[in-house]
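Please find the structures below.
The same subunit A turns up in both complexes below, where it pairs with subunit B and then with subunit C.
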Partner chain A sequence: MIERLLAIWQADTAFPSGGFAFSNGLEGLAALSGPMGEGELEGVAAAALRHRWASADRVALVRAYGAEDDLDAVEAVDREVEATTLAEPFRTGSRRNGAGLVAAHARIGTPGAEDLLARIRQGRALGHLPVVQGVVWRGAGLDLPGAVLASGYVALTGFATAAVRLGLVGAVTAQAMLRRLLPVLAALADTPVPARIGSFSPRLDIAALRHARGEVRLFSN
Partner chain B sequence: MLERPQGQKSGRLASAARIGIGGPVGSGKTALIERLIPELQARDVDFAVVTNDLVTREDAERLRRSGLIDPERVSAVEAGACPHTVIREDPTLNMAAGDDLEVRFPGLELVIFESGGDNLASTFSLDLVDWWMFVIDVAGGDDIPRKKGPGVLKCDLLIVNKVDLAPHVGVDLPGMLEEAQRARGERPVVAINARSGEGVDTVADMICRAVLFRP
Partner chain C sequence: MKPVAYSGGVGLQAAGRRRAAELVFARGGGRSALVRQITPYPFHVTRPFALDVERPDLATLYLQSASGGLYRDDDLSLEVTLKPGALAHVTSQAATVVHDTGGQPARQQMRVSVGPGAFAALTLDPLILFPGAEFIGRTDIHLAEGALAILADGVSWHDFSGLGRPFGRLSTETCVFDAGGNLLLADRGSVDGTDVVGPASILGPEAGAVGSVLLLGPPGRLPNVAAIEEAIDGAGCFGAAGAAPNGAGIAVRLIAPNGGRIVRAAEALFTLSVGRMLGFAPAHRRK
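Then we have the complex of A and B:
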């Protein structure tokens, strides 16, 4: 039972990790596409789950989790995330969000967090979010299925809360969308983990790249 | 006043003292920092600044271009439309920005976090800062202290800025300061004019005493 509670603890948006500051392309997409309805938003979130979270973030998390105490192996996963993330705002955002998560866990005293933070500070590890999640969530006692679900849930709720703050949908509507996407997330979490990290989200990539050049923005990416 | 010596903060990896500057939009937070920079430099304080702009990097760029401070010593953290959250409920991005500055500038003694413009309910998490001040201004109205917002009541130092404007906006400045002091009890209130620099040396002295343990 404790594993489930630990997964809820880390999936909870009240856990400080900096995630609230990232729209992961949504703010740029809203500016690019004009008014975005509930259906379109749901499609964007589902596509991001399928073509980015399941095929890239989840893979990195599983491999970082499986590296156990081998931080050299963790660094290799980190470098692969860097190399396979096309849009610079996503690379930067992932590193900054990872820095926020590891900062919180290092202060809490989660096993492994301070060692990973030291490697990031030395410039040896990059500290991408899914890699940090894999290391610190293992250290915090989450089991792997719980860590995978927490990661997917964090990605999904990130879209939903960003959409509310951008004024695209209301808070209740966003939760209805979230509910409809939970089975999608659950199904994706059960698919075999690909051998290599890969993502394909060209609209969000382009939107994030344009957003990064904008003067006025609420979110970091 | 802090009782913990630097470097022995419970659950903290940071060694530099960290302070916050919060307050409503337009109250003069960035102007105060611009005036504090030479005051802190004159006191040989090794410091850096992290700004939290709401929708732009305006404050960070203003400080970087000011010529007052090495632009590398100014970091910007976007607030994700939540200026409260980034300093209180989830200050981890600011913590990480402070950590990064400490790695890049060994020997750093002080990191100043400037909140994005907010309202009277804004307060800093003590996970992020050791001590914080809240800036209100005379032109915002002399009823602000009476409203007893958490920012006004809970900060370590309340600053009333733009005192020169009092006669022009119909504010009874002594009455406003008296009311602020009454609301805060023993906690300090300082009146300043960030434009002219009046009172800023007092603020710098208070920072040095409170978190750098200098006389």
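Then we have the complex of A and C:
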């Protein structure tokens, strides 16, 4: 039972991981595409789950989790995340979120967090979010299925909370969307993990890249 | 032959080709000469042209498919090598069709090795994915010290049957390596036709083509992002540019209603980038 509680703890938006500052390209997309209805928003979030989270973030998390105490192997995953994330705002955002998460866990005393933080400070590791999640959530006692679900849930709620803060939908509507997408997330979490990191999200990449140079922004990406 | 004839099996019978082509350019006598050429069927190339009065050392070569496209289980590879200081632009004469592959994907691999101080541009018209087409593409670019490169590619899709049948699956991977063999960039992605064709497309309701352009080299030899995005807008594409990972250069994403606009954007970015990389305005490449 404790594994489930630990996954809920880490998926909780109250945990200080810094993710509130990122819209995952949604702000840029809304600015470029105009008003976005509930259906379109749900489609964008579902596509991001299918074509980025499941095929990229989840893969990096699972591999970092499986590296156990081998931080050289963790660094290799980190470098692959860097090389495969073409859109600069997503690379920057992933590193910032990862830095926030590992710093919080280092303060809590989660096993493995201090060592990873030291490597990031030395410049040996980059600290991308899914890599940090894999390391510190293993150290915190989450089992792998719980870590995968927590990661997907964090990604999904990131879209929902960004949509509310951007005024695209109301809070209750966002929760209804979230509920409809939970089975999508559950099904994706059960699919075989690809051997390599990949993604297909050119629309969000473009939105995030254009948005990064915008003068008026609510979110970092 | 009409597309429906290919999709009905005629093309499938001529499937499963394994062919490897090779082109090597070397600098000599103020020119970039094609010193080695292996182009088995269905590859076909023109002779190299010197289209630019200002830089006759830039060779331009048109690559064509002599077979009407890619078919089930095809496995075609192309290796392009630029010796030190050679300058070459390899482009396509027109778009290549990927026919219904009947569940056995067509594969295309390219390896581009750009020597010290050399310049390579590969600007290929977007592939046209027909209903049922499955395509797996991989491109590796190896950059030596001081090398410069432009890679432009993409895909569009066309349902000639009008029956709402999308292409099958698209999987692409582009990797860029530095002089030490270190991976700088790996752009990998896969998508089913059902995800991108139609009003619920994950690329947006108007999308009919998607493409990417990589401008590879040190920052001082690359156009600025604002100029790139102005060119993208001028070509009628939805797109953006940004710094590629590990200092590889600039990565550009493009979405457009059709492949023609991807071609226009690629041509505009080629012109812009050659201006920064080689210091002149290239002549229009006629097709």
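Everything that follows uses one rule, which is that the second predicted complex is superposed on the first by the 221 of 221 C-alpha atoms of A that agree within 3 Å, B and C clash if a C-alpha of one lies under 4 Å from a C-alpha of the other, contacts with A are read in each partner's own complex, and residues count from 1 in each chain.
Here is the rule we use: contacts are C-beta pairs under 8 Å (C-beta built on N, C-alpha and C of every residue); 3 or more make two chains touch, one makes a residue touch a chain.
Keep in mind that what you see is a predicted model, and the values were worked out from it rather than measured.
Trainee: For A:Leu117, is the partner it touches subunit B (first), subunit C (second), both, or none of the two (neither)?
Mentor: first
Trainee: What is the contact status of A:Ala106 with respect to subunit B (first) and subunit C (second): first, second, both, or neither?
Mentor: Touch status of A:Ala106: first partner only.
Trainee: One more residue to check, A:Ile2. First (subunit B), second (subunit C), both or neither?
Mentor: neither
Trainee: Have a look at where A:Ala171 lands relative to subunit B and subunit C in the superposition and call it first, second, both or neither.
Mentor: So A:Ala171 meets neither subunit B nor subunit C here.
Trainee: One more residue to check, A:Arg96. First (subunit B), second (subunit C), both or neither?
Mentor: After superposition on chain A, A:Arg96 lies in contact with subunit B alone.
Trainee: Taking the superposition as given, does A:Arg203 touch the first partner, subunit B, the second, subunit C, both, or neither?
Mentor: second
Trainee: Touching A:Ala187 in the superposition: subunit B (first), subunit C (second), both, neither?
Mentor: neither
Trainee: Tell me, which parts of subunit A touch subunit B in their complex?
Mentor: The contact residues of subunit A facing subunit B are 14, 16-23, 96, 99-101, 103-104, 106-109, 114, 117, 121, 162, 165-166, 215-220.
Trainee: Which subunit C residues qualify as touching subunit A in the complex?
Mentor: 173, 183-191, 195, 200, 202-204, 210, 212, 225, 229, 238-246, 251, 253-255
Trainee: Which residues of subunit A touch subunit C in their complex?
Mentor: The touching residues are 32-33, 43-44, 47, 50-51, 55, 79-80, 82-89, 91, 196-203, 205-207, 209-210, 212-213.
Trainee: Looking at the complex, which residues from subunit B come into contact with subunit A?
Mentor: Touch list, subunit B to subunit A: 11-13, 54-56, 77-82, 85-86, 89-93, 95-96, 99-100, 103, 127.
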